[in-house]
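These are the structures, in structure tokens.
What follows is a pair of complexes built around chain A, which joins chain B in one and chain C in the other.
Entry: the complex of A and B
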């Protein structure tokens, strides 16, 4: 796989998986506003994943859906931070906060890419991410100094720089994420 | 053979699937009408990348072009083509009249919290600027929820992107 495809897949896999994990709060978030917020953020992240998969698919002569859902677990390139199932509010917010920092640094770099398609996609994503950052920062401000939140940040920080690729937490997620497509191989969705 | 003006006029009849008071042309998502013989190509730019209405918009554009007797080609450009500044003045007025506060103009820097808390957002119902941010996120990716202290109504505010 060439450098360009790898870069796009890293971005797309992160956004797909973080979107999937954030969407696990749909219907059970602590307030209605946060139910709407997490669902909307998840929808945006999966939209970013789709756009990046579309570009990667042209590079690799396949389709966005095949890249998102037909690869073996070991082929995904997402950061371990997004793979964890975190149905605890302090940890979910800690992840949102850390992920937005990681994503912001990456998007800033990609916006300056010499590759016009990648730079344009990064600029588009950045417009939407401004709202995710405000959300993450508001919550981090609100929870700062709370022992559970500080502990969650400490627990999750090492994952930010961890090596990309499937961890044990990914196996179950992969199973859920791909089960529908595996149930009917080759079907037109 | 159709002319570009005829194509634009026909596409201006297509409503946005989620907010049907505004047309796809007024929303600014239709770009670049190109006519080559029988083939008419248009470029469609998503509002938000995760907007689920994109496929419906693409199909609507294709059928409208086919109705004109053209061989339709609708390409999706997920680059940085569309911003909320692409909505036409007529489109903005229609949004406001239907109770959706149109997006404020995009500034040089990205939106930030202080700006969203400032008294620059007017209620689409009563015009008061005494409104506050209730939720950054709303029923679709493109909208936030605000509350008007003037007429005591919640309303939907288009996010500026």
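Entry: the complex of A and C
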């Protein structure tokens, strides 16, 4: 796989998996307003994943769906940070905050890419991410100094720089994520 | 704090009450309202108004049933026709 496809898959896998994980909060977020916002942001992330998979699919002569759902668990390139199942709000929001920082640095770099398609995709993503960052920063500011939040940041920070690729947390997620598609090979939705 | 949300669907249109968000401050209200009332491209703009800032007015007594101040039952069409006849003008357009 060339460098361009790898870059796109890293981005797409991160966005798909973080969107999937954050969607686990739909219906159970701390307030109704946050529930709607968190779910909406998760859907945006999955939209970014789709756009990046589509670019990668052209490069690799396949389809976005095949890249998202037909690869073996070991082939995914997402950061371990997004793979964790976090059903505790302090940790979920700490991950969101750390993820937005990681994503911001990446998007800034991609926006300056010599590859016009990648630069354009990054600029497009960034227009939505600006509001994701505001949301994450509002929460971080509000929870700053709260022991549970601080502890969650400390616990999750090492995952930011951890090596990309499937961790044990990914196995169950992969199973869930790909089960529908595996149940009907070749089906298109 | 409760923020009342008013939504403008298209440029130039009047803002209409769309709902409310319960938020700790205006910044959270904005972040939440943006997702709740804007994620489907259904809004051109939003107004967020703290509920305390709304000056409500209730109770409009009409003890003496002054029907003549209401417009229902007052046929403008007939009045207009009569006025035109008096003035000797005809409507610019039919209907």
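Note that in this section the second predicted complex is superposed on the first by the 189 of 189 C-alpha atoms of A that agree within 3 Å, B and C clash if a C-alpha of one lies under 4 Å from a C-alpha of the other, contacts with A are read in each partner's own complex, and residues count from 1 in each chain.
Just so we're on the same page, a residue touches a chain if its C-beta (ideal position, glycine included) is under 8 Å from a C-beta of that chain, and two chains touch if they have at least 3 such contacts.
These figures come from a predicted structure and were not determined experimentally.
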Three-chain arrangement built on chain A, chain B and chain C clash or fit: clash
Partner, of chain C and chain B, that touches more residues belonging to chain A: B
Chain B versus chain C as contact partner of A:105, first or second or both or neither: neither
Partner chain in contact with A:180 - chain B first, chain C second, else both or neither: neither
First, second, both or neither for A:40, with chain B first and chain C second: both
Which of chain B and chain C A:1 touches, first, second, both or neither: neither
Which of chain B and chain C A:66 touches, first, second, both or neither: neither
Which superposed partner A:135 touches (first chain B, second chain C, both, neither): both
Chain B versus chain C as contact partner of A:171, first or second or both or neither: neither
Chain B versus chain C as contact partner of A:87, first or second or both or neither: neither
Those residues of chain A which chain B touches in one complex and chain C touches in the other: 33, 36-37, 40-41, 43-44, 131, 134-135, 138
Chain B partner contacts - residues on chain A that touch it in the complex: 33, 36-37, 39-41, 43-48, 50-51, 54-55, 117, 120-121, 123-128, 130-131, 134-135, 137-138
In the complex with chain C, residue positions of chain A that touch it: 31-34, 36-37, 40-41, 43-44, 131, 134-135, 138, 142
Contact footprint of chain A on chain C as seen in their complex: 21-24, 27-28, 31-32, 34-36, 39
In the complex, chain B residues that touch chain A: 46, 48-52, 78-81, 83, 110-113, 116, 134-141, 145, 159, 161
